[in-house]
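Please go over the structures that come below.
Paired with chain B in one complex and with chain C in the other, chain A is shared by the two complexes that follow.
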Partner chain A sequence: MTSHLIILIIAIPLLGAFLLPLLNKFGKRIKYFWLATVLGLTDIFSFFLYLLIIEKGEVVYTLGAKFPLLVSPQGFPIRIILEADALSGFLSFIFLSIIFLIFIYSLKILSNYSFLDKFYVLYLLLTVGILGFLFTGDFFTLFVFYEISSITTAGLIAFFRSEECFKSAFHYLSLFAVGSLFLLFGIGILYSEYGFLNMGIIAKVLQFSFLDKVALSLIASSLLLKAGVFPFYFWKPEAYKVSPISAILLSIISSLSAIYILFRIFLGVFGVNLIFGWILILFSIFSIFMGIFLAIKENNIKKILAYLAISELGYIILGISSGIVMLNNDFGFKAIQGGLFHMVNDILDIGLLFLIIGVVIYITKSKNVLEIRGFGHKYPWLAGFFLLGVFAISGMPPLNGFASKIIIYESVFHLSPVLTIIGILGSILILAILIKIFAIIFLGISPEKYQPVPKTAMAVIFVFAILMISIGLFPGQFTSFFINPAAEALVSQQNYICK
Partner chain B sequence: MQIIWQPKIALIFFLLIFFIIYFFYLSGEKKYKKDTFQTMAYFSGKTPSQNIKLQNIYWGFFEDFKKLYMFLAKIQKENSNDYIFLFILGSIIFLLALSL
Partner chain C sequence: MSKIIKIISLIILNPIIIFGLYVIVHGHLTPGGGFQGGAIIAGATALILVVFENNIKLSRGLFSLFEFLGLTSFILMAFWGIVKNTFFYNFLTNSNGILGKTIVFGINQGYLNSGGVIPLMNLSVGIEVASGLSLIIILITRNL
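Moving on, here comes the complex of A and B:
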């Protein structure tokens, strides 16, 4: 059973998605029970997979046969190969836990809408796309999962079925059609040069010629587009503006998985390249500032948070790419640790803010949340949690955002103090933006009377807050169990992909 | 001396600050009356001729960067053609930088 965990983690949500329309005929309860079982079971399996990796090392799974007969001259099986190490195992567990919590949150928040069965089919398929990104060992499978995640995200953007939603979904789809073409071209170049799709084999024979650089830039551009960072961030605010909160959070997780696979390919296949590292550092700095710069001017709350999500991704890329540039010393490893740690904190911090805004929209039925006043008087708990999210995302101690950002600042300082100053300045501006939003929505006096907060949504918000405080108070324990093995796995590429 | 980040000490510090603030809050004015002049903002001088909305609190920032904001608005019109053009442009810049 344990040897099949990796495929089960992908196959269960895939099966769940295809059976869901059939189960829909048996009523809501059965449908939700099925969804909770599928997501819960996948999450538990991912935790067991992580424990297995910690105990025995990398897990390699060849689809279809344990000892395939068809092998390349180098001895590599010509099949679809899935691989999991401490990094992908850790990310799959964290992402699946968050995806499960988002599902619980959506139970009541989305209950008034029709087409929920289709929504959850897309929800599960996007989960499959994310997991595929994490576990893929060959380029063609990567392309398939890229397509799955793009098409399902477009479907989720169009969920509210308004003209604006369809327009945004169409924009997203047309942009990602070009993005996936770029990815396919990049993979095609590598295949025509070396005759392989397996990342491990290509890493062995790669010469880093001009054609390889073209392939790298095409693959990296398409993955940065999926991540939604500078200079490919423009689709994000438009898509987030019209999407349901659960779909936004899933899209953020999808962005994080794109960052993961980008660094995996960069380090694992193409090897350390300082120019590429510096290009990414430059992109990350621009992401931090463009996100904040555009968020200050914006008047739509979902777009503001979308811009802040872009700037937070900038911090992650800043940490990991600076680490790669400084890989020859200890600070490089620290920077990678900080970047990976911030991946978890990013989804928790920005996730909490989105969850609370989702509840405000659900309760007030308001199209423009920034017209609401005095919400904190009626819902002090929500106001408190929002403030917690504001402080965490701004990197204030003793919360989780601080724990990861301080590692990034300290280690990046040894590459260039300017990068640290820019990072700290960005955090201060994030605080300035969010404090304004807090004052607008939660302070003041409101004459309106609203309904109570859904219990499931409040429970999920509470869990997010607890996780943020716990990680902030005990960062050492969290990093030693999850982050250190993950950072080791990213740096020690010789153990990865059948090398 | 190496200083190590201690979240628990920070938490105790924050709790201490909270209790100090709470002490000041408790020793404050108790005869607070709603809907009187006490709830109105106090201006030590002229009352502003118009209300400044909280949304516009950073208006000076927008004024300073007006040209840049206008340029960004011009190139991001929520249009598929613009998106694809920017994506291809970004990829070309990426390739050029990588080929250096």
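Moving on, here comes the complex of A and C:
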């Protein structure tokens, strides 16, 4: 049973998505029970997978046969291969937990809309796409899951079915049609050159010729498009402006998984390359600043948070790529740790802000949230949690954002002090923007009276806040259990590739 | 449309569907397979909708049911592989039973009774694609 854990994590949401139209006939309760079972079960399985990896090392799974007969000269089976090491196991556990929480959050928030059955089918399929990104061991499977996550995200963007939504979804879909072709072209170059699709084999036979560099840039550009950082950030505010909050959070998670697979391919298949690392550092600085400066002039709350999400992704890429550039000394490893730690904190922090804004939109039913005043008088808890999220995302000491950002600042300082200064400046500007929003929405006097907050949504917000505070108070324990094995797995590629 | 077109298209309808089924069933032997054959069958739906315009009501529920059946049978076959060996394990091949003829290495004329679960998976993909594309065509023409 334990040997099948990795495929069950991908296959159970797939089965859940396909059976959902049938269960929809039996009523709401059974449907939600089924969804909770599927998501909860995969979450538990991913935790067991992580424990298995910590105990026994990396897990490799070949689809179709346990002991394949057809083997390449390098000793790799010619099959669809799934691989999981400490990094992907850890990320799958964190992401699945948050996906489960988002499902509970959207139970009440989205209950008034039609086409919910289709929404949850797409929700499960996007989960499958994210997990495929994490566990894939060959390039073609990566392409398939890229397509799955692109198409399902487009469907989720169009959920509210207004004209603007359809426009935005079509925009997204045409953009990612081009992006997936870039990915396919890059994979095609590698395949025509070496005749293999498996990442492990390509890593062994790669010569890093000019053509390989072209392939790397094509693959990296399509994955940066999926992540939505600096050169390709433009789809993000347009898509987030119209989509429901749960879809936004899933989209952030799929961005994080794209960053994961980008660095996996960059470090694992192509090896350390300083020029490419510096290009990524440059992109990350640009995305930190672009996100913040575009957020300043914006007046739509979802767009502002979308821009801030871009700048937070910039911090992650800054940490990991500067770690790769200075991998020969100790600070490189620390920087990679900081970047991976910030992946978790990013989804928690920006997620909390999005969840609270979602509750505000649900309660007030207003088109423009920034016209609301005095929300904090009626809902002091929401105001407090929002302030908590603001402090966490801008890196205030007792919270989780500080714990990861301080690692990034301190280690990046040894590469160049300018990077640290830019990072701190970015955090201050994020604080300034969000404090302004907090003052607009939650302070002041409100004449209106609204309905109470949905209990499920409040519970999820509470869990997010507890997680943020506890990670902020005990960063050492969290790092030693999750982050250290993950960072070691990313750095020591030999164990991942050559099994 | 005129009567001539209606009658001729009704005559053509059967060969289209049979050709689609042929492509699906021979998916493991010849070029083509579930998706291609399904797309050909969906062409038959498009023909009906174009020729009979508003005079025909195609039931969307039936197509949805078939789409569901195709998808579910595909994924359940893959899951049954876990019981035997691994996910997507071909548990019928070389069993000398149904779809399990053992084939000697080398040139042969192509046995339909081979391939294990691959023809079954082709069939379920074919059902899914035919009904899914038909649904898309029906939804597009409804709003014209």
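Methods note: the second predicted complex is superposed on the first by the 497 of 499 C-alpha atoms of A that agree within 3 Å, B and C clash if a C-alpha of one lies under 4 Å from a C-alpha of the other, contacts with A are read in each partner's own complex, and residues count from 1 in each chain.
Convention: a contact is a pair of C-beta atoms (placed from the backbone, for glycine too) under 8 Å apart; a residue touches a chain by one contact, two chains touch by 3 or more.
Owing to the predicted nature of the structure, the values given are computational and were not obtained by experimental measurement.
For the composite obtained by superposing both complexes on chain A, the positions of chain B and chain C are free of clash and fit together. Of the two partner chains placed by the overlay, neither chain B nor chain C lies in contact with A:Tyr32. Using the contact criterion defined above for the overlaid structures, shared-chain residue A:Pro21 touches chain C, although it does not reach chain B. Within the superposed three-chain model, A:Phe160 lies out of touch with both chain B and chain C [touch as defined at top]. Legend: residue contacts after superposition of the two complexes on their common chain; A:Phe182 is shown touching chain B, with no touch to chain C.
Among chain B and chain C, the chain that touches a larger number of residues in chain A is B. Of the two partner chains, chain B is the only one that A:Ala439 touches; chain C does not reach it. Judged by the touch definition given at the top, the superposed model places A:Leu216 against chain B, while chain C stays out of reach. By the touch criterion stated above, A:Phe140 is placed in contact with neither chain B nor chain C. Computed from Cα centres after superposition, the angle at chain A between chain B and chain C reads 140 degrees (steps of 10). After overlaying the two complexes on the shared chain, residue contacts for A:Ile275 are found with chain B alone; chain C is out of touch. Smallest inter-chain Cα distance, chain B versus chain C, after superposition on the shared chain: 23 Å.
Chain C meets chain A in the complex at residues 64, 68, 71-72, 75-76, 78-79, 81-82, 85-90. Contact residues of chain B toward chain A in the complex are 5, 7-8, 10-11, 14, 54-55, 57-58, 61-62, 65, 68-69, 72, 76, 78-80, 82-84, 86-91, 93-95, 97-100.
Listing the residues of chain A that touch chain C in their complex gives 4, 7-8, 11, 14-15, 18-19, 21-22, 61-66, 80.
By the touch criterion stated above, chain A contacts chain B in their complex at residues 167-168, 170-171, 174-175, 178-179, 182, 210, 213-214, 216-218, 220-221, 224-225, 231-232, 234-235, 238, 275-276, 279, 293-294, 296-297, 299, 370, 397-398, 403, 406, 432, 436, 439-440, 472-475.
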